[in-house]
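Same chain, two partners: chain A is paired with chain B first, then with chain C.
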Partner chain A sequence: MTHVGVPSTYAAVAEALAVLVLLSEFAMLRAPLSRSQVHLYSFQSLVVTGLAAFVAADRHVPGLYAIAGISLVLKVVVIPAIVLRLLRDARVELVPSHRLGVASMVLLALAAAVFGLFVVGSMKVHSTSLPTPALALATAAVLVSFLLVILRSDVVSQAVGFFSLENGVSVASLVVAAGLPLIVEVAFFFDLLVAVVVFGVLMRVHHARTQTLSTTVLDRLRG
Partner chain B sequence: MLGGPQLDPIVIQALQVLTIVVFAPFVSGAISHLEARLQGRRGPRILQPYYDLAKLFRKETLLPTDAGWVFVLGPVVAFVCYLTVPLLIPVLTTYPLPLGYMGDILGGGFILALGGFSVALAAAETDAPYAQLGSSRAMTFGGLIEPSILFITFTVALVTTTDLPYFEAAAARASTADALRPAHLLAALAFFLVVLNDTGRIPVETHSGTLEFGMIDEGRTLEHSGPLLALLTWGSAMKQLVLYVILINVFSAPWGLAGSRELGNVLVAVPIFLGKALGVGAIFAVIDNSFSKLRLFKITEFMAGAFLLAVLAVLVLFVGGG
Partner chain C sequence: MGWDLVLLMVVPAVAGVACWWAPVSVGRAIGLTSGVLTFVLAVLLVPSGHAEALGSWLRVDPLSVVFLVAIGFLYPLTMAFAVGYLHPAGDPDAVARYHRRVLAGLNLFCWAMVVAPLMNSLALLWVAIEVTTVISALLVAVDDTPGATEAAWKYVLIASMGLGIALFATIVVYYAGSTVLGNGYELFIPQLLAHARHFPSQAVRLAFVLAVLGFGTKVGFVPVHTWLPDAHSEAPTPVSALLSGALLAMSFYAVLRYFQVAVRTLGGTFPRDVLLAFGIASLVLAALSLSAQRDLKRLLAYSSIEHMGILAIGMSFAAPIAVAGVLLQVLAHAAAKGTAFFGAGSIVRRFGTKDMARIRGGIAALPWSGPLFVLAILGLSAMPPFGIFRSEFQIVEGGLSDPQDAVVAVLVVLVVLAFAGLSWFSTRTMFSPSSGQTAVARGEPSAWIVGAMAVGIVALAVLGVHPPGQLSQLLSRAASELGAPR
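And now, the complex of A and B:
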């Protein structure tokens, strides 16, 4: 009766988690408050952590538990806490930064996601750790995070867009290289930490100079 | 299991319609009672909708001066449409009944849309600005939510190779993997948003508001009175319960339905279904109390969300996933 092959429970859950990563990317794109964007990033990281732990448990890759642990501490707790702290210091609640209407942004991002899904979906990458649609979904999430950086003109969106891009890449690496040596994976986290420092400095300097988090003032001429 | 004499399928089918007709006001009443409780009010009695209907049926019908036969016929056609849909969907049984194959999900959708259309037409017959406003808005937003409904239908079609509601329910019942596959979850979530829209709930519309400027579906019935208004109110309660049936018994929790034709099984399925409907109603009541209504021109954002979920459901199937 079923036309499209029914996935195993493992594949179904893994794909549902990957879909959740993509959906939270969409939610970040449309969220009006910077604070809720950071919360959504934290949630997305939690889902990625869950996915890593799920793969570790089911496919017996003990190294992934370490990754999941580091990601839980760093991406779910520490980084969002730092960004929220910066936001509290900046005392900015709402930065009107949508360059397009929300519905148009969602449709545009959907087009980008479709592109990513079909291009990577047709590549037929075989993986032992995760079903290949997860790779396509991760690519779609990366493309939507690009749009988040492009379509929202405030510093927090750009930072969160960059961090969540890393989340998309993490899911992709779970599909392609779940057995990657631990040291390489940990190196990625240090990259992320450097990015946090850079974005933290950027936010502070930008806010100190312009008294706003919006980047639209940057192209104003100074005399 | 529970035994009893074997029922004729025709009788079971009639029972399905009867369940919807009889209990629709009850579910409406229970939801508004719960809503009031959540807001710290005592609220109306759960059976209040029945008293309201009885009162309205005893009253005289007043027609606006310019209203013609369309105004009178509209509510009747809508009521008949909402009576027809329970023939097509699994209200009480897991197995299709004789008339169950008469129409698929799209067919059921068309009949529901015809009901909404006839009410809108009846409202447009009057010269009253608020009724016409409601009529035009209902059609506009009905059109905007339609793409999501189509993509949900596509998902069902891809998953089951049919678009019969019975098979989608059977697919969801078949195994955990089937129930957890992302396409199914996304379609169920998208349909949840569609139901939120079609039953006139927050964030799209205030269900029990009296402010005409925010009205969409409610605005259409402002000019009707007496038995015609009773038919409209009853009809909208039935439409709500029908949508709950599809949400529960097709997409989210198709468990607890009668698997055989024995009297006991079929009768037990009624309270189980009502319990599930009240559970869904409670979720809607909580949503009603925890979100604010969207501005009229922001409703497209809500619809974009439903569309996104429905399209993703189809896409995930196309890239070879669940």
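And now, the complex of A and C:
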């Protein structure tokens, strides 16, 4: 007898991991300390890595093990280490960067997440690798990462916003593009690494010039 | 002809690495040689319009060759301009380091832009365009001024977020393709185009909108254009010329690839309407902003947004002549905008400012680059006999035959408004007599700048008066590949 509406263990675990990705995005949005944001990004990347390994094991997609391995090294270890080193060198712990109060930010993020969940949830997407609600959760995480960049005015939040956007897209790709050729995935990672290095260079330049990590001073160019 | 593509992929990269290590004079020669070689290799592809290499991972068709020629043309001209333009003062070691950084960066930037149209896979096209962002962001910041730092941060952040959306588009189009081609296919463009009419329409619709919004961030479509005036005005002028003349078009190339897939799946109406909306918004904002600028390079930046808007509106017309006009405009805009930025660089060198209120008597101060700058502005304003006159004429003709009379009327009015803004400022800066405070000595900063501008103007005139036959055929073939009935 089939239990209609009851998800399999696989689907439940996968969706729980996707929910964790979205929740960590919310936590990044409201975290007051830059260092906490980086740690949360590292945790979110670990969840994405775990999700990739989980799909690889259950759906027998060996290429995803390689993706999970690269993701573990790059997104869980290397990228957070680069940003934490910048923070250590800058000797800055707390950058007042909330453009809105925490409650307003979270409410806005909830609205964006609900929008993403319903819009993408209404699409008829068929996936053999992951349950399709994961795609809606990934879209919601992407939208919240946009809010992170818009609503926080410091370079660390904005850079972490971009990196976590990539995590959201990674989850989406696990749902609808799990078979993407390895060469393409490796190119994506290489590209992300180069982008991280450039973000790091520009963050250092910004700090050296302004002695702050806040972006509120970037208001010369208008019109 | 596969060796041609491999050389195109290798030569500018090698030049970039060599410039990093070589003495400055050798680096300049390497950059110029690499630029000329790249242009020759791109032109060699014009007659056939097709080539493949490395197991089809590299492939060009007439559409990609058009963009390769545009980049290949601007590459050596910019390197020549840079020889005359880059003269920072200060400690010799620091100057040499600055030169090496800029020369290496310019070559690597051109390399990334050359590689993008060679990519047969939509995923690797995205990678190449993201690489152009990271390299050019460093180049925008290279002057290490407060303005450059601000512009570079805004640029890398906004463009990267836009490309994040474009990455989502890549994933969604992969999904659409996988419903027909199965998992594990390479996202090769011919594969996608051959099967696109069987793809699920909802997914392709989403992918196309995401692609226009995502890659459109780098094209400079309104409302995701906000990085563009800052980056163009604060970057060193050779970088501004490449950003405006080549990079925007290269990102538009990515939009066109998604357009090709979308028209096969959805028919022409939806993709054209999306481009029309972005095109009109861009043209309106640029036309209005042009008359409110004080900074010479910001003026040219808003002109770029205007031209990208015209390209999008041109693509919204179904007539093949309009599409051919769009592709001709890509080439003509590369020549005109490159030359205009070179002229702006010459003015900035002579007057020591970008503030147009403090620039007077440009024609008298700059006997060669002054008139050439005025010609470039006239070319950008679509005056005959230059290439943009011909291309916009084709676009308007295509619009009238589509028929899209109301859109054509809006297009013509806004182009005239933009012309008024451009010509008002250029006339004031170049022809108004200089007073005591703005007077400068007569003379050219460098013959290299004049030479680069002269070549640009000649090319612009050739494109307007009589484009080479094989180039016209290439444009027609590319237009027929892009076109689809409404």
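The definition used in the following text is that the second predicted complex is superposed on the first by the 215 of 223 C-alpha atoms of A that agree within 3 Å, B and C clash if a C-alpha of one lies under 4 Å from a C-alpha of the other, contacts with A are read in each partner's own complex, and residues count from 1 in each chain.
Please note the rule applied: contacts are C-beta pairs under 8 Å (C-beta built on N, C-alpha and C of every residue); 3 or more make two chains touch, one makes a residue touch a chain.
Bear in mind the structure is a predicted one, so any value in this text is a computation, not a measurement.
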* For the three-chain model obtained by superposing on chain A, do chain B and chain C clash or fit? -> fit
* To do: With both structures superposed on the shared chain, find the angle between the C-alpha centres of chain B and chain C as seen from the C-alpha centre of chain A, to the nearest 10 degrees.
  => 150
* To do: Classify the contacts of A:L117 with the two partner chains as first (chain B alone), second (chain C alone), both, or neither.
  => first
* To do: Answer with first, second, both or neither: which of chain B and chain C does A:P80 touch in the superposed model?
  => neither
* Asked: Taking the superposition as given, does A:D191 touch the first partner, chain B, the second, chain C, both, or neither?
  -> second
* Could you say whether A:E166 touches chain B, chain C, both of them, or neither, answering first, second, both or neither? => second
* To do: Of the two partners chain B and chain C, indicate the one touching more residues belonging to chain A.
  => C
* Smallest separation in angstrom, by C-alpha atoms, between chain B and chain C in the superposition -> 17
* Just which bits of chain A does chain B share with chain C as contact spots? -> none
* To do: Spell out the part of chain A that touches chain C in their complex, as residue ranges.
  => 123-128, 142, 145-146, 149, 155, 158-159, 161-162, 165-166, 169, 172-173, 176-181, 184, 187-188, 190-191, 194-195, 197-199, 201-202, 205-206, 209-210, 215, 218, 220-221, 223
* Structure fact -> Within the complex, chain A is touched by chain B residues 158-161, 167, 170-171, 174-178, 180-182, 185-186, 298, 300-301, 303-305, 307-309, 311-312, 315-322
* **chain B-touching residues of chain A, taken from the complex the two chains share** => 1-4, 6-9, 11-13, 15-16, 18-19, 22-23, 26, 30, 101-103, 106-107, 110, 113-114, 117-118, 120-121, 131-134, 136-137
* Asked: What residues of chain C sit close enough to touch chain A in their complex?
  -> 121, 123-124, 127, 130-131, 133-134, 137-138, 141, 144, 146-147, 149-154, 156-157, 160-161, 164, 167-168, 171-172, 174-175, 178-179, 182-187, 200, 202-203, 206, 229-230, 233-234, 289, 292-293, 298
